[in-house]
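Below, chain A partners chain B and then partners chain C, in two separate complexes.
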Partner chain A sequence: MALNLTINSSNPPLGVLLAAEHVKGSVNLSVDEGKDNKLRVSESVQFSDVNSITRYLARVTPTLSLYGSNMLEQTEVDHWMEFSTRRVCGQSGLATALGELDMALALRTFLVGHSLTLADLCVWAALKGSNDWQSIQKQAGAFSHVARWFSFLGSQVPFTAVGNKYANSKA
Partner chain B sequence: MSLKELSSLEKALGLKKPNKYSTQGDRKVPVLQSINGPALVGLVTIATHLVQEAKQPELLGGSAEHKAVVQQWLEYRVTKVDGCHKEDIKTILKDLNSYLEDKVYLAGNQFTLADTLMYYGIHHVIVDLAVQEKEKYMNMTRWFDHVQHYPGVRHHLPPVVVLRNRVYTSGHH
Partner chain C sequence: MPMYQNGTEVDPAFRDLEVRQDKIMRRLNELKAAVDGLAKTVTTPDADLDQTVTSLSQSPTATSFRGTADLDSLLGKDLGALRDIVINANPARPPLTLLVLHAMLCQRYRVLSSVHVHSSVSGVPAQLLSCLGPRHADSYVRQRFQLGFTLIWKDVSKLQMKFSIQNMCPIEGEANVARFLFRLVAPYPSDPALATLVDSWVDTAFFQLAEGSAKERSAVLRALNGALGRDPWLAGPELSLADIACYCCVLQTGPAASSPANVQRWLKACENLGHFGPANPLLQ
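Let's look at the complex of A and B:
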């Protein structure tokens, strides 16, 4: 099975690119640049929504556990994906959202379970693309748990690879 | 206790053949009699040797700075944590807690031998902590929970239950 992913090169979807980078060893996936975000599974099946694409990529690579390892974790992942689109990318109230995120990360290294999941990818990508977060980050001591988690993930290999390739083109 | 630790470390490193250790003196310092060389004495010395034998030098730190930080925490483990009096343990927990606020691992963003040995060394303290104390030292608790779930680390030790959401939220931040 060969999957074909097209990304919007003028506004690259970081979450999708991170998921693609993680699954590329487990599934046959090609990435092209174009005008819209689209994952082509077959002639008749295509996904264009960012969360649908990442969910599909996680589900076809179950050994990576990007969707958590049980039903509870799966629900938690869904919660954070919704959180990333509505609350972090939303127009207002980033400070409230960050307060909740900080609270959740106080006793956690990763958002869900004990390893990396879509929750981490999507929330990290949403924060990375947020100008407000870039400026909040410069204030010392603000949301220390979010800051630790954000820089920890940012230092890991798939994140640096995607960051180097695409983050600059957006700025 | 350190003998059990060394055999767990062997398994964590994926070393197939277990070594035989003896102990020396009142403090039961571990000794490894190697086949082609002098005897190795001391927990950190033997542990470092095992890491090299397993060809995983990255566990001793990457850059020169990282290597120094790893050595510092290994030394802290054997001088401060081991044989520590009951009254002093709170100081150690406080130290670790504030140090770990902006770090995932003791040496920053990479897992090293320092995390494994600190986890083994401090486990008996964490087992006895109340839920409220674990939340008081939450950065330390978060690190501890992460290391006990790190693949292959926890062998001879029972898992410690750690709440993953805060319950005493009105307290300090």
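Let's look at the complex of A and C:
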């Protein structure tokens, strides 16, 4: 089963691209550039919103546990996915959202459980694409847990690859 | 190094060490007692109820005691305390889907339900205070129940759920709480595409139907009509969370009569199932 992912090249969905990088060894997935984000699963099934695309990619690669490893973790992943689209990318103040994120990360290396999940990918991607976060990040000591987590993930291979290739074209 | 023998010729350094060790052991025991005490406070579910005021109605009297023992496998072993799902919701936006899912939980588990009003809100309408049904006759014996369901009307900007606070962050958003509750009632479809379709409809219901503009709303109604022309339910042959979320959000945002034909037929089919009784008194 070959999956076909088309991305909006003028505003690349970083979360989707990160998920695609992570699963590409486990599924047959081709990525094309186009006008809209779309994951074609079959003739009749396709997903066009970012959270649905990443959810599907996580579900077809269950061994990677990107959707968490139990029901409680799945629920936390759901929470952070909505957080990334509604709170980080949303209209209301980023500072409040960052405050909550900072508290959640105080005792954690990854947002959910002890390994990488969609929660990390989606929230990291949302911050990476946020100009406000880029300027907040330059202030020393601001949201130190978020900063630590952000640079920890950002220094790893799939993140550097996606960041270098696409983040600049977003601005 | 000389060994400690008979206590007669003891090196004073050893005696000092012994005294120090005793001291440390005493201190450790004190610490252990303190931690045990804290653990008790934390694992007692009521600890999470922050300064709530009036305690009102409680769950259905006629709970069918069909509870199954699979909560352990779904949620992991607990420490013996009642698993309490605590939800903070704003009375200005009653979470209809959660009321429907609460009724479904009650059919499956022994649920101890209660409604409270936080001091941040006042004048909560009577139908919201009784929305989880009448007080349960056994409500004082918590160990007879498998799940607690505590709804707190509170001035929150987004609905929140606190559950298993040692292991889990507070969950925000009605959509995500609904996903959690539904997983307790029935598993998601095992097919990844169907499961994702369910989640996609849930997002559509809460963000485009419930919060969107008139234009978005009519686009969603057209999409619903198309999907319901192919299948009886939104995610195929079986009722799913997609139907529950969309049903509540369609009725919450406008009169059923203005919906397209397939949607109207589906709304009727939903009503016939009887799951939506708890939500109906709250629909305008």
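Everything that follows uses one rule, which is that the second predicted complex is superposed on the first by the 171 of 171 C-alpha atoms of A that agree within 3 Å, B and C clash if a C-alpha of one lies under 4 Å from a C-alpha of the other, contacts with A are read in each partner's own complex, and residues count from 1 in each chain.
Criterion: contacts are C-beta pairs under 8 Å (C-beta built on N, C-alpha and C of every residue); 3 or more make two chains touch, one makes a residue touch a chain.
Because the structure is a prediction, the values reported are computed rather than measured.
After overlaying the two complexes on the shared chain, residue contacts for A:R55 are found with chain C alone; chain B is out of touch. Look at A:T75: by the touch rule set out above, it reaches chain C but stays clear of chain B.
Put simply, more of the residues of chain A are touched by C, taking chain B and chain C as the two choices. By the touch criterion defined above, A:A147 lies against chain B but remains apart from chain C after alignment on the C-alpha atoms of chain A.
After overlaying the two complexes on the shared chain, residue contacts for A:V157 are found with neither chain B nor chain C. In the superposition on chain A, A:H114 contacts chain B only, with no contact to chain C.
Using the contact criterion defined above for the overlaid structures, shared-chain residue A:A104 touches chain B and also reaches chain C. Put simply, chain A uses residues 104 to touch chain B in one complex and chain C in the other. The residues of chain C lying in touch with chain A in their complex are 74-76, 163-164, 167-169, 171-173, 175-176, 179-180, 183-184, 192-193, 195-197, 199-200, 203, 207. Interface residues of chain A facing chain B in the complex, by the touch rule stated above, are 103-104, 106-109, 114, 144, 147-148, 151-152, 155-156.
Residues of chain A touching chain C in their complex: 41-42, 45, 47, 49, 51-52, 55-56, 59-60, 70-72, 74-76, 78-79, 82-83, 86, 104.
Contact residues on chain B toward chain A in their complex (touch as defined above): 101-104, 109, 135, 138, 141-143, 145-146, 149-150, 162-166, 169.
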